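Shared between the two complexes below is subunit A, which pairs with subunit B and subunit C, respectively.
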Partner chain A sequence: MKELLTIDDISVSYGNIKALQHVSMHVNEGDIVCLIGANGSGKSTLLKAIVGQEPLVGGSITFDGEEICRAKAAVIKGEKRGRHLTTDLIAAKGIALVPEGRRVFADMTVEENLDMGAFLVRDDALIAERKEAMYDFFPILGARRRQKTRSLSGGEQQMMAIARALMSGPRLILLDEPGLGLAPLVIADIFEKIDMINKQDKVTVFLVEQNARMALKASTEGYVMENGRIVLHDASSALLENEQVRAAYLGE
Partner chain B sequence: MLFTPVFSCYRTVQFSYEGESIVGIAEFFQHLMNGLTLGGIYALIALGYTMVYGILKFINFAHGDVLMVGAYVGLFLFDLFRGSSPLGLWTIIAFFIAMIISMAFSALLGMFIERVAYKPLRKATRLAPLLSAIGVSFILSNSAAWMFGTHSRKFNYPFDNTPLHLGDVVITPHQVLILVVSLAMMIILKLFIDRTRMGKAMRATSLDQGTAMLMGINVNRIISLTFAIGSALAAVGGILIALDFKVYATMGTMTGLKAFVAAVVGGIGNISGAMFGGILLGLLETFGVAIFGIPTGLKDTIAFGVLIIILLVKPEGLFGKVEKEKV
Partner chain C sequence: MFNFFLLILIYSGIYALMALGQNIITGYGGMLSLTQAGFFAIGSYATAILTTRFGWSFWGTLPVAFLLSALFGLLIGLPTLRLKGDYLAIATLGFGEIVRNVLNNWDSLTNGPMGIQKIPMPILFGYTINPYKKYAFLIMIFIFVLIAYLLFQRLARSRMGRALTAVREDEIAAQAMGINITKYKVYAFILGASVAGIAGSLQATFTLSVTPGTYTFMVSVMVLCMVVLGGMGNFKASILGAFIIQLISYFPQLTGLSGSIPAQFQQILFGLILVVMMIWRPQGILGRETRRYGGAAGNGKGGAQ
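Presenting the complex of A and B:
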């Protein structure tokens, strides 16, 4: 299967603190891949690095065969200069991030939020068609399309954030803790939607979660992160059976 | 005269003090008209402050001087286009052409200032761009004084300015022009911000810059656009003031500061707030002098008095939201 996203030996630092150390991983086209780990292990930093919001101090990130980020210090193929695409250009390549804490545009309506998600789609008919598809997919958003997003519940805002990301027609969707702070039933609903997005719309999903059980059940492949390093990588079904994972993340 | 209770100027129409009517209806409408005219101009200028603050969280203190440049450009172009032709249709058209070119010039100037003086400081301390803005302000006003002299110039009227009498209320044609143009500009801006793709992207950027980038919005371009629109509106404000007063190198200083107060009163960062704050300030200044008996010499203190009261009572402004510092 084709590798859509390749993360090659990247490191990120905040001052003296090493947030990510020599992280390598890949996401195959069509898969749901998850990354689990404790609070503060560097999961969100990894996603921010992928979308160009955290500069790399080492390594490179390749999306669909094209290098989107490379650290300044890394000397690869004789090139000495680091480079990275800015976040808006990375979005234009087809990567959509649903950020941690949803980050909806609270003062804008649901419809306007979706319009922003489709900022790069210049075809009005296509935007209208996608909006209708989103209102079908998340009926609650259709019912609230003219409401300011701040009036939505946490679960509704999460669905809005996912719908907004899908409006750009991405090839890869990155989800940062989609279940954070939500009731178990709402989380189950959201994970069901994520699965449908993957199966029906053929969008590759990279999922970051603290809720390890939900994430591993939903995904095909999983990575485990501890203190900014990848410590385990296996099929999700195997990780569910793994002694270490069971003890540390599944509470068994 | 000083008897008039505060904030009930309309009621004073029926009230009288020792049998003498304090303010007649005609006089009230006269002041209302004058206040709205002044307020419309403040509102146009206040929009530039508030839009830039909304996105960059910084006060562009050079905004008032962009207004002055816009007024000069408008004045020179109008005289050039008009030549020696008599007042008539052509002079009105020439006035609007001069205004549009001045808007475009000021928009480019605003974008240039941002690119050269503010963008390199975007990651510096918050004080740095503020000081840079004050520097740009001095550079612009001193350059204008050097190039055009320190005397003030009169903006020639584009049409006959014989006052019109509506009953007892006297309105000059250029007051009508000021009202119509400032109102039209505000409506166009509001439609642009609310309805268009780029307008919505501006709002999204001011709400959450990081997430706006995730949507594929080029934030640098949005910032340039914000400066362009704010500066173009300032140019209109400058030309409209020039019709009522004079054009001189430091004309932007006091007007700019007052428009800034208007933006703070309305809630800085809030577009409707700036419009409302500008008009409110114009009305307060006019009525303050005319009805509340504030001496004309102290007219300029009204705005700053209002600023102090707002900062004490409602620091986020009338329409502003309390911003929580994000950790």
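Presenting the complex of A and C:
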């Protein structure tokens, strides 16, 4: 299967603190890949690095055969020049981010939020079509399309953030803790939607979660991160059976 | 007395132009900038110098004032727009003061603190728009305000207006939507600057003389007050704010009490108004203008016009 996203030996530092150390991973096209880890293990930093919000001190990130980020000092493929696309350019390549804490445009209506998600789409008919598809997919958003996003519940806002990300027609969607602060039933609902997005719309999903059980059940492949390093990588079903994972993340 | 009232209206128009520019920067872009006085001065001096030294007509100097302040907007915007909030305010405040000090000290070009006098009156189709007669001038100013208002309204409905709204609400989310936040912030800054340059040009040809003392920090603060008082993110409100603040600042003279009310009274009043507004009506008199960005067809409410 084709590798859509390749993270090759990247490191990120905040001053003296090494947030990511030599992290390598890959996401195959069509998969749902999850990354689990405790608070402060570097999961969000990794996502920030992928979308160009954190500069790399080492390594490179490749999306669909094109390097989107390369550390300056690292000598890779004989080249010494760094490369750093800004977030908006990375978004234009087909990577959509659903940020941690949702970050909806609270003063805009649901519909305006979705329009914003399609900022890079210049075709009005296509935007309208995608919006209708989103309202079918998330009926609650259709019912609330004229409401300010502020007035939506946490779960509804999370669904709206996902719908907004899908409006750009991405090839890869990055989800940063979609279950954060939500009731278990709502989380189950959202994970079901994520699965449908992957199966029906053929969007590759990269999921970062603290809720290890949900994430591993929903995904095909999983990575485990501890202190800025990848410590385990296996099929999600295998990780669910793994003694270490069961003890540390599944509370068994 | 009536004549004095006309003068206040003219100044309101000039300040309304600056407030419109401030609104696109602060009201839409969410950037707390305090530079309008600087761009105002650049526009004024462009007109003053070109008309008196080089014999240009007022109309010829307008595009120069526009482009020159736009250029400075770009030069100031690029490095400072990494800053946010108070830091941006301080950095931009510095620019305004630098402009004033340069004007004050570059004697060979600006004639220093003495300023430049005998700026010619604007002539349109053989008719001299005489600032002393005021009516014609008043009409001219408000044609400019109207044009600026219509352009800005249109802009707010455009892709750029949407992008700025998104940037103001959440920069990270806006970037993730593919919006180049630096580009749109700098655009807003340039636009705000250039309209202030036009205002400066008009001010020079109205007073027929310019001195550096006019372009103090208080001008920038007044313009910001106008936008906040009227309502951020609402162009009508910026114009309304300009009228109210101008009326208040000439209040002692209007009521004939200028002998008993000290000049500093103005500043106390501005401060008081802002405090009262922040407590009881933080969204301003008119509040933010809500827009439908129904960019796509099929939702019944077309944003495209």
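Here is the rule we use: the second predicted complex is superposed on the first by the 252 of 252 C-alpha atoms of A that agree within 3 Å, B and C clash if a C-alpha of one lies under 4 Å from a C-alpha of the other, contacts with A are read in each partner's own complex, and residues count from 1 in each chain.
Note that in this section a contact is a pair of C-beta atoms (placed from the backbone, for glycine too) under 8 Å apart; a residue touches a chain by one contact, two chains touch by 3 or more.
The structure presented is a predicted model; accordingly, all values stated were derived computationally and were not measured.
Student: Give one word, clash or fit, describing how subunit B and subunit C relate on subunit A after superposing.
Tutor: Superposition result for subunit B and subunit C: clash.
Student: Is A:M116 touching the first partner subunit B, the second partner subunit C, both, or neither of them?
Tutor: both
Student: Quick check on the superposed pair: does A:G222 touch subunit B, subunit C, both, or neither? Answer first, second, both or neither.
Tutor: neither
Student: Taking the superposition as given, does A:Q53 touch the first partner, subunit B, the second, subunit C, both, or neither?
Tutor: A:Q53: touches subunit B and subunit C.
Student: Touching A:R103, do we find subunit B (first), subunit C (second), both, or neither?
Tutor: In the superposition, A:R103 contacts both subunit B and subunit C.
Student: I want to verify the contact counts: of subunit B and subunit C, which reaches more residues of subunit A?
Tutor: C
Student: Please indicate which partner A:K131 is in contact with in the superposed arrangement: first for subunit B, second for subunit C, both, or neither.
Tutor: second
Student: Taking the contacts subunit A makes with subunit B in one complex and with subunit C in the other, which residues are shared?
Tutor: 51, 53, 86-88, 91-92, 96-97, 99, 103, 105-108, 112, 115-117, 119-120, 164, 168
Student: Once bound in the complex, which stretches of subunit C touch subunit A?
Tutor: 159, 162-163, 165-166, 169-170, 172-182, 292-299, 304
Student: Which bits of subunit B are touching subunit A when the two form their complex?
Tutor: Residues 197, 200-201, 203-204, 207-208, 210-219 of subunit B touch subunit A in their complex.
Student: Okay, in this complex, where on subunit A does subunit C touch?
Tutor: Answer in residue numbers: 51, 53, 86-89, 91-92, 96-97, 99, 103-108, 111-112, 115-120, 124-125, 127-128, 131-132, 164-165, 168.
Student: Spell out the residues on subunit A that touch subunit B in their complex, using ranges where they run on.
Tutor: 51, 53, 86-88, 91-92, 96-97, 99, 103, 105-108, 112, 115-117, 119-120, 164, 168
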